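Please go over the structures that come below.
The same chain A turns up in both complexes below, where it pairs with chain B and then with chain C.
What follows is the complex of A and B.
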C-alpha cells in the first residue's frame, strides 16, 4: 500500500513539474534580432458566416506583403503575416489580441472586420503600445479611442452625413431608410438620421432586415411605396442591396432614386438590376491608376475581384509597411506608431492622414452606368 | 484510450489523508498565487481566465441539466442578462460593480424562475425547444431595443470594478478575481451536492412520481434549479462584462449556449470535476489548435465526435460514480 502511495505521489510530482515546465516555456519569448523577419498580425473572421469577407481582407494584406518582399523587404528584412481567426466574436477577438501582444516579433497589427471585435481588442493593443490599423471597423465609437489605433475604414458618422448631403443636392426631401440590423447598418443609419434632421430631410419610413437571411423585401418595399418617399437609402451589404434593387419595381418603388451605402461597392452588385443606382464607394476601380494596378494584381493572384474592404485592407497593410520603411532601421512598435500617426500616404482609396484615429480620405460617389461604376463625385 | 481510462482510474482511486489534503490545498493555492508571475504571458493568462470563467458557467448550467434534470439550451440568456443588467446599472447609475452584480443576480434568478413557471410540466426536448427559443428572443431583444442596450453596436468602455478603493485592473488582478470565484463556485457546488436539498433535487431528477410519493415538492426543486443556475450564470455574465470592457449581442448568441451544453455533456452531467474538466478542455482546445489555422474547427469537431464515441457519458460523469465503474473501495 505504501509503495503504491509513493508511486502515486511521485507520478503527481512528475506530472506537475511537466505542466509547470510547459507553462514557463510559454512565457519565454526571444528577442528579435535584426535579421529576423518582421511580423504583422492580422485578426479577421476566417470561420463562421462572414468568413469569406474576412478572407478577402487577409488576401489583400498578403498581396501587399508579397509585393513588399519582392521589392526587397525592409532594410533587407522580410515581412511575415501572422493571421488569427477571431470568428467574428468579441471573446475570440480578445484572445487573438492577447496572442499578438505577447509575440515580440509582431510589430504592427491590421485588424479587425467587425466593429464589436475591434472594440474588444483596442484596449489590449493600446496597453501594449502595439499600433493597429483597422480596414473595416466603421463604428463612430472608435473615433479618438486610442493613440495606437487608426483606421482606413471610413467612419459611419462621415458616411451618413455624406449621404445626407448628396440627397440634399439632388433635391430630395422625403427618404425611406433601409438598414441591416447589426452594428454596421445601425451605425450608418443613425448617422444618416442625424444628418437628415439637420438638413431638413424627412425620413418617412425606416425598414430593417437581417444580413445574410432576408431575401424577400415585399413588406419593406410595400410600406415604402405608400409612404411618399422620393428616394431609398440602404445601409448594408451587396447581396441584400442587390435583392432590394431587383424587387423594388414589383412593389411600386421602381421610380424612386436609390442610394446605397459603401457596403455595396463591389462588382457583385452589377449582377443585379442596378442600372442608374447611386453607390458610395471607397476607391475608383475604373479610372485611378493605383486602383487599376491593385485590382489587376489581386485578380491575377486570387482569381476574383476585390471589393471595398479588400482595397481598404491593402491600404492598411501598405501604410504599415510605409511606416516601417520610414523608421530607418530602428523598427519598434513605438517607432512604427509614431510614423503612422504622422503619415501622409497616397493609397488605392485616396490620400491618408490620420486625425483622431480616423482617416481624412474623401468618400466617393458612383452611379451604375452600362454595368459599370461611373465616378460622379 | 484504455491508457487514459487507467490513468483516470488511478487518479480517482487516490485517497488522501487529512494532512496530505492540507498540503495539497496549500500547494494548489501557492500555484494559483504564483501562476501570473510564473507565466509573464498575457495570452496564457487570458486563456486561463476564460477557462475558469467557462468552468463556472458550466457548473451553473450543470446544476440545471445535471442536478435538476431540465435540459436547457438557453443558458446564454441568463449569462447575457447578468452582463447587461450589471453593465447598465454601472454605466447609467454609477453603481459599484458588486452592488450591481448582486441586483443582477437577484433579477436574473427571478427571471429564470418566471421562465420556468409555465414550462414546469415540460421535460426533455420540449423544454429544450422553449429555452432555445427564449435565448433567441433575448438576443433579438438586445439587438432591437436600441435605446436601452445600444443595440447591435454594443456597450464599450465598461469601467473596472472597484473594491475598497482598489480597482481590479489588468490580467493578474482578473486572474485572481476569477480564481476566487471559481473556488467559491466549487465550494458551493460541493456543499450543494452533499446537502439534503441537492439530494432531493437529484431525486426529483431521477423520478418525478417517486419523489412526489416520498413527499417532495417537485415544482419547488425544478424552479429553484433554474433560479440558482440562472443566478450563478448572471454572476459570470457580470464578470465577463467588466473583464472584456465591452459587451454586444454577438457575445450572447445561440452558439455560446451550445458551447456550454457541450462542456456539460463532455465533462459529465451532474459532476463537479467533470464540469471543470469539460470547460477547460473545450476552451483551451480551440486555442491550442490555432496552429492548424484553417483546419482548426474541423479538428475541434472531430475531437468532440471521438470523445462522444469513447466516452458517451462524459469524461467524469455522475453515472459512473453511481455505478462505481472504477471499483473504488469504500473508505475504512
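What follows is the complex of A and C.
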C-alpha cells in the first residue's frame, strides 16, 4: 500500500516536472510580444547593515531606467525594474537568482553588492544563460567565471596592487592590514599582501573583523599601535571603515596614515572622523560632462550625493540598456548577452569594454578634504 | 600592551556586567531567561539617540529619560509576553514567548528606525595617557557609571524593603506570596530595574562605538548572557564578576591569539564553565535546566 502511494507520488512529480519544463520552454519562445515591458532584475541588500549601500545602487539603476523610458524606451517597449532583497547573505541571494531565472520577462540582471552573494548567484545565471552585470562585486574569484557575467566593478587583484604602489610612493615600509572576514575582504587582502611582498613593504600585523557585526576595534587598534606600523590599510565596507577611523585615535593610532579600499568611497564615510584619510575609488564626478549630469540628475531625484557604487550601478544599467538598443530584431537573453560581450561604452566612470568578465576602467585615489572626496591621483 | 588590552577588556566587561544583571535578576525571581532583554536595551538606546540628536535634550536628562523609557518597556514586555502565561508550569511557553518578543522588537526597530547604523556621540572623547596606557574620557565615564550603578543596585537589593522582597521572591515565590508580598509588583520591579541598567549600558555602549543599529542587542545580549551563566545565573555578584571576566578574556584572546576569534572566546569560556561547573562560578549548587 505504501509502496503504491510512493510510486504514484513519484510519477506525479515526474509528470509535473516535465509539464513545467515544457511550459517554461514554450513561454520563452512565444512570450516576447512587441509591446510587453522588458524587465531587468536587480538583487541588492535592502535590509541589514548595508541596506543604505544597496539602496543607493537600486536608486541609480532606477534613474537609468527612468531616463531610458522618458527617451522612448527600447523600440517603444518600456523598461521595468524587478528588485530583490538579498540581505547581503549568499543564501538569500541564491534564492533571488532562482526567482529571476524563472521569470521569463527578466532579460538581464544587474546584481549584486557583496562578492559572497555574487559568487552564490553567478552559476545560477550562467546555467539559465541570463546575462548579469555586477556593479560592486570585486573579488578576483569572479574573473573569467562565466560567459554570461560581466562587471563594472573593479577587480580586487588590481585594487590591491594599486594600494601597494600608492603606499610605496608615500614611503611607507611597515603597514597594518585590516580586513573583513569574507570573500571581499580576503580577496583584496590577499592581492595586497602579494603586492607588498613584491615591493618589500612589511605587513607588521594582520587584523580581522566581522562585516556587519563588529563595532569594537579596541583590540585590533591596540595591537596595531604597538606593532610599529606607519599606515593602516583597510579592506572592507563603509560602516566598519568609519568606525575604525573614529576609534583609531583612542588607541594610539591617530597619527598613522589610513588608506581605505574602494568599499569606503561612499558619502556615508564623510559623517565619521575621516579628515585626511585616503580612499580608493573609480568615480571622478568632475571627469566628464556625463558624470556631472549624472550627479545633478541623481541629486534632484533622490536628494543626496551618489558615491562610487551608485555610479558603477548606473553604468551597469546603462550598458544593459545600450545592449538592448543594439539588438536588432528579437530582444532575448542570448542576444543581449552577445551585445554586452562586444560592447564599447563610455559610462560615467570611464570607458568600458569587457575582457574575461572584467572591465577596463581605471583606479583612482581620493583624499577626504573638508568633508569631501578630493581626487589626488 | 598587556595592561592596555586588560583595560579595554575591563571597560567592555563593565557594560556586559550591567546587561548581565538584568538576565540574572529576572532568572533569580522567575527562573526564565528574558531573551527580549537585549532588544529592550536596543530600543532604549535608539530613544536616547533620538532625544539627543533631534530634540537636543541635555545629556543627563537624556540618559535618565531613555533609561526610564527602557525600564517601562521592560515592564511592558513582562506584562504582555510573560505574565499571562507564566502562572501554570509552562516555562517552555514563556521561553518561546521571550524569543518571539525579541524578534518582534528587533523587526519593529528596523521598521521604525530603519536598518542602517546611526551615529551617537554626546560625551567627551579626549584621550588621556596614564602610565603608558591610553584612556579616553568615554572609557573613564563607562568605568565610573558602571561603579555607581552597581553600588546603587547593591544598596537597593541588600538595604531596602524592595530588595528584601526581591530576594524573598527568588527563594520561593509561593512563600513570598504567603508572607503578604505583592509578587506581581516585585516581578514588575525586577524587570524595570534590570531594563533601567540595560538602558544606561546601551547608551554608554552606543556612544563608545558611535553606533546604534537594530541588531546591536544580539551579540551584546549573547555575551552578557554568557557572563550571567559564567557567574552563576540568578546570582547578582556572579553576573558582575562574569561580565568582567568575559570582557577581559575576549580582549586578551583577541589581542594575543587572533582578532578573528574575538567573539568565540567568550562562548568557549561559557561552554567550559557549563561542563566543569554547571552552576557557574558563584551560583547555587542546585542545578536548573535553562
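The rule is simple: the second predicted complex is superposed on the first by the 330 of 377 C-alpha atoms of A that agree within 3 Å, B and C clash if a C-alpha of one lies under 4 Å from a C-alpha of the other, contacts with A are read in each partner's own complex, and residues count from 1 in each chain.
As a working rule, a contact is a pair of C-beta atoms (placed from the backbone, for glycine too) under 8 Å apart; a residue touches a chain by one contact, two chains touch by 3 or more.
This one's a predicted model, so the numbers in the text were calculated from it and none came from an experiment.
Of the two partner chains, neither chain B nor chain C is touched by A:67.
In the superposed model, A:143 makes contact with neither chain B nor chain C.
After overlaying the two complexes on the shared chain, residue contacts for A:367 are found with neither chain B nor chain C. With both structures placed on the common chain, the touch criterion links A:181 to chain B and to chain C. Judged by the touch definition given at the top, the superposed model places A:213 against chain C, while chain B stays out of reach.
Of the two partner chains placed by the overlay, neither chain B nor chain C lies in contact with A:75. Applying the stated contact rule after C-alpha superposition, one finds that A:47 touches each of chain B and chain C. When the two complexes are overlaid on their common chain A, residue A:341 makes contact with neither chain B nor chain C.
Applying the stated contact rule after C-alpha superposition, one finds that A:95 touches chain B and leaves chain C untouched.
When both complexes are aligned on chain A by C-alpha atoms, chain A residues 47, 181 touch chain B in the first and chain C in the second.
Interface of chain A with chain B (complex): residues 8, 11, 20, 23-24, 26-27, 29, 46-47, 83-85, 88-91, 94-95, 98-99, 101-102, 114-116, 119-120, 123-124, 128, 139, 141, 181-183, 185-187. Those residues of chain C lying in contact with chain A across their complex are 1, 4-5, 8, 11-12, 110, 114-117, 119, 125, 127, 134, 136, 138-139, 208-211, 213, 215-216, 219, 251, 254-255, 258-260, 262-263.
Across the complex, chain A is touched by residues 10, 14, 35, 38-44, 46-47, 50, 143-144, 146, 151-154, 156, 244-248, 250-251, 253, 287, 290, 293-294, 296-297 of chain B. Across the complex, chain C is touched by residues 47-49, 51-52, 181, 207-210, 213-216, 218-220, 222-223, 225-226, 239, 243, 246-247, 249-252, 254, 271-272 of chain A.
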